[in-house]
Amino acid sequence: MEVFNLRDFEDMAREKLDPVFYDYFASGAQDEVTLAANEAAFRRLALVPRILRGHGPPQLAGRVLGCESSMPVLLAPTAFHRLAWPEGEAATARAAREAGVIMIAAMLSTITIEEIAAAGGTLWFQLYIQPDLGFTKSLVRRAEAAGCRALVVTVDSPALGRNERGDRNDFHDLPPGIFCANMRGDGNVRQVRLSPEISWRHVEWLCGETQLPVLLKGVLHPADAAQAVDCGVDGLIVSNHGGRQLDTTPATIDRLPVIADVVGGRVPLLLDGGVRRGTDVVKALALGASAVALGRPVLWGLAVGGADGVARVLSLLRGELENALTLCGADSPGALTKDQVVG
Amino acid sequence: MEVFNLRDFEDMAREKLDPVFYDYFASGAQDEVTLAANEAAFRRLALVPRILRGHGPPQLAGRVLGCESSMPVLLAPTAFHRLAWPEGEAATARAAREAGVIMIAAMLSTITIEEIAAAGGTLWFQLYIQPDLGFTKSLVRRAEAAGCRALVVTVDSPALGRNERGDRNDFHDLPPGIFCANMRGDGNVRQVRLSPEISWRHVEWLCGETQLPVLLKGVLHPADAAQAVDCGVDGLIVSNHGGRQLDTTPATIDRLPVIADVVGGRVPLLLDGGVRRGTDVVKALALGASAVALGRPVLWGLAVGGADGVARVLSLLRGELENALTLCGADSPGALTKDQVVG
Amino acid sequence: MEVFNLRDFEDMAREKLDPVFYDYFASGAQDEVTLAANEAAFRRLALVPRILRGHGPPQLAGRVLGCESSMPVLLAPTAFHRLAWPEGEAATARAAREAGVIMIAAMLSTITIEEIAAAGGTLWFQLYIQPDLGFTKSLVRRAEAAGCRALVVTVDSPALGRNERGDRNDFHDLPPGIFCANMRGDGNVRQVRLSPEISWRHVEWLCGETQLPVLLKGVLHPADAAQAVDCGVDGLIVSNHGGRQLDTTPATIDRLPVIADVVGGRVPLLLDGGVRRGTDVVKALALGASAVALGRPVLWGLAVGGADGVARVLSLLRGELENALTLCGADSPGALTKDQVVG
Amino acid sequence: MEVFNLRDFEDMAREKLDPVFYDYFASGAQDEVTLAANEAAFRRLALVPRILRGHGPPQLAGRVLGCESSMPVLLAPTAFHRLAWPEGEAATARAAREAGVIMIAAMLSTITIEEIAAAGGTLWFQLYIQPDLGFTKSLVRRAEAAGCRALVVTVDSPALGRNERGDRNDFHDLPPGIFCANMRGDGNVRQVRLSPEISWRHVEWLCGETQLPVLLKGVLHPADAAQAVDCGVDGLIVSNHGGRQLDTTPATIDRLPVIADVVGGRVPLLLDGGVRRGTDVVKALALGASAVALGRPVLWGLAVGGADGVARVLSLLRGELENALTLCGADSPGALTKDQVVG
């Protein structure tokens, strides 16, 4: 089977993966309303091209929070890459480095952040602030030492979402030999704690603990976005966790304009959720995102062909993005305007 | 078959029940437009979580019209439980008591209100005001004597709705041995009368006849809500009778904000119709309901496993509600705000 | 097969009728967008019941343009009843008389207006103004002499709509022995002429030629409604010819409020198109119609059982209408208010 | 198989054509969202007829940019007609001439513009401005010499859209013997260059180079429409390239009112994309178009029967258009008003 777009990769990955692991990656919470909404909202929004702009091929490269990226697409933090490919996140990281894009390494990776960093690309580190602040601090120190360039704090997970596909598959434990490598200390693998007690104070504490820029991932309400900026946070990721946490949250692209309005450019905005096409990226950029993060398609690429598969996913999306920008008359992401997206 | 959510219970119940009885419980009036609309409207509304609130697990318990409830979910009044399980409402009542939730016992129960009360939980009594006020008064006295804590007057039934599934099944009489136990006196079972002659005067009369709080169930128009409050009614249930009466009435969740606006907090509002998920409960609470009432899913639980089945339905919904509140950043139902629901 | 609603009649009629005749009655113009829209719009509009009104069963009977009708439902003019039943319009007229409703006899009937009038019920006469005014006048005189109580001028037919089902069936001529009985004179059957040259002047001429009230059928634009009232017309029928003329015209129920606004009660409004349920009738009444006209369901009843079939259709609809009015809290059509219909 | 409307022609053409060529003509970019949207938008818009206008059959003939046309429908420029029929554009041009409509000959025709002009009808010439202005000028001179009456510059193609059906079919080269005849010089066939460097200056240059009226095809943003008029362009075609370039652009009929507003009648507007019915043409005319251009249906007619097939397509559409205008109460396209189209 040849692949021509990111959805083809999902079809191929479904054939290759253990169905239980496929479901783990593909599924969303409960009725998967949000999972479907993320993609449907991109499809519903229309793009109005500008014409006769008279320039060369668009410049995709730029900086996100000070880090160079060959295009405004990051790898979203996703867990358990070794379920998809034996090398796990090492393969993903090599592909990211070769593509010149930023990988947001997940706290729940199946190799350590140090092993991921060995690939040599630009890394950010995603974490759930753990009630044990000492342990959280140690994770931050390791991320810093490994050369991570930003911290991404996931804030939409005061509890774990309800995954019914996982329940139906009775999938509650990783297979033998696969585990959360970052959580291992003194012989044991520590449980990840998702706690509703995590608060703005913890974010303030973290900002004080590190020199790295701190982003919050999972912001959907404008009042929270405002508070985050006031709190000194360096960036926001508009995210509903790919529809895996609270079901029936709105599509992220539908929330982006609301968040962009309140933030008013004070910090960069990123978005994830449902990005499958170059035109999706363009819509997010036009509505105020500095970049988007790509989740499941990276996993499909990984499952299909390891680092090569991820590379091909990124290359396909880059091609689509370049084509979409060109057809929109934009010589760079910054040339897009929000009036180019209509409901 | 394992059950993971309330809809699974319906599937299991369909397998267990006589198809004619299943249809009786499952069906709505005529084209079942409203039946479908109730659920579809919840799915269409989106929930915007708040983040980093910093508190413990949410408190679900509270009071509804002075009665303690372990969560803001009541058992809606539904008829003929012995069609679903031999013990009928006795099993339902035991499950409600053990779950610490209020059961609204239906006038059209298949055991008497006294037998239902024997289970020992918190009961409210639902009735259709009968043109024979003497008989109505005797029902009220029995409910009071049985310890019921509120009266719920159904006001959407000046006539019986048109159930075409029932017509096609030629289902017009209860099977031998099953009857409306509350309607029995001096050897006969009295017919229930649904009459368009029942009016606000009857409601006023009833309020004067009893010390119990009186709620009206079936309010959809804001002018009626206003009049009810002026009339001294103690609470309202926004309901379209689960889509069983007038077909093409709006989804209840779509009427809730309109009713909440006009009532302005003067009396508590409840809602029933289409509640199948913890997120549905959260949406109703955020839009102004003090609690919701659960109808058909209770019957599916009852059909599947008697009191244990009902207990499992309530436990599943409680778990979902706790999860949804946590993910919304709310430490109690009262912490939700209406801006967390978007169209 | 038992029938429980008007749609069941269509299913039965489809089995009984020659498929070509079935298609003739059932079809709409071109892509049948309007045909579907008429029914879909009724389904989309929601009805908000009022409660506790305290009255007896609703009064359905009333007057439409001075004619008594046992309910606010007329028989819409439809052509060629002998394709559905040997006696044709005679059977329909008997059923209408026995049901106490007004039949709008079609100019394109397959028995003469005099033969239809022999049934003894209340008749209105529908006509297409023919460019040959002498012939038009003779039709009017015959209708008057036959006791018709109003004239209904169809104004949406300056040309014949495009019926592709008919084209595919190669159905262009009536079968032997069936013809437009009113068009027969001196041995020949005159062709019906649909001409774009018919204008307001012809309507004025007609109003001057007869003492009967004149209604225009096929009004969808408010400016035309205003002009009609100024022109002295006695009533309007909001109609898109059941979706048989210009395809993609709006659903009639969606145009009714616009027309009602501009007419402001100066003349009675009727509506046809897509009425299949008692709740549909209620919606039209609430939005300003004095009555509705029923088209295809009458033909299905006729095809299924002649006069008895039509009687059963009318009886079913009357039952549904009475039930819907009762459940809306209305003791008569006039008690409905437009705020009881929500989008 | 008999054909009754333009969609029938597509069904027949699908049977006749090599599936790869069928896909080439039928497909749109990527997910074909825009391809579907163009037709869906026409279907969604409703037409409100006017009545009793009192005139003869509508006049379809008129002038577009000074050229007579027997109806307000042009042949949109489409490539590679010899994939559909051996004679290619020669057959199309004969049909256009006999129908009295303007053919916009495509730069990517498979016979030369001179050969197309030999058919003797009214031609406009469509071109992509080539970075090699000398070559572009030579094309313009040839078009002028061949008697073309206007130039249509396609401006939505700074790059080629992504056609995945073509990719899946591995269709990247024309079959032997078929080539872009206008691009042939000195023995070779020149590649067509689509370049983002083409700008307003090129358009100004072209306007200065020719006496012919210049239209821009592919305008969707009102600011571009305004700039085009300021730039001295003589007409605009609201087009999304039939959904073949940037996917998820809006339906053209949805952009027409926005463009018409800003242009304010200063230059004529045309529209293409999704026109399949006479009512579609009427909607475009009512919303401000002077005429529409017909793309794929012409190709289906060509594939089915060469010049005769195209003639039949045009004749069917003319009949539908005449019928739709008559039923709208319009004696000419100019009599339509925008209030006759409702959302």
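In this document, chain identifiers A, B, C and D correspond to the written order of the chains, with residue numbering beginning at 1 in each.
Convention: contacts are C-beta pairs under 8 Å (C-beta built on N, C-alpha and C of every residue); 3 or more make two chains touch, one makes a residue touch a chain.
Treat the numbers as computed from the prediction; the structure is a model and nothing was measured.
Among the remaining chains, D is positioned farthest from chain B, on the basis of C-alpha centroids.
Summary of the copy comparison: rotating chain C onto chain D for the best CA superposition needs 90 degrees, to the nearest 5.
In the contact between chain A and chain B, the residue numbers used by both copies make up under half of all numbers at that interface. Taking each chain's centre as the mean of its C-alpha atoms, chain B lies 42 Å from chain C. Between the Cα centres of chain B and chain D there is a gap of 60 Å.
Counting partner chains per residue, chain D has no residue touching two or more of them. Pairwise chain contacts in this structure: A-B, A-D, B-C, C-D. Those residues of chain D lying in contact with chain A across their complex are 30-31, 33, 37, 155-159, 161-162, 164, 167-168, 196-203, 216, 218-221, 223-224, 245-250, 255.
Of all residues in chain A, only 2, 4-5, 42-43, 45-58, 277, 279, 283, 320, 323-324, 326-329, 331, 339-340, 342 touch chain D in the complex they form.
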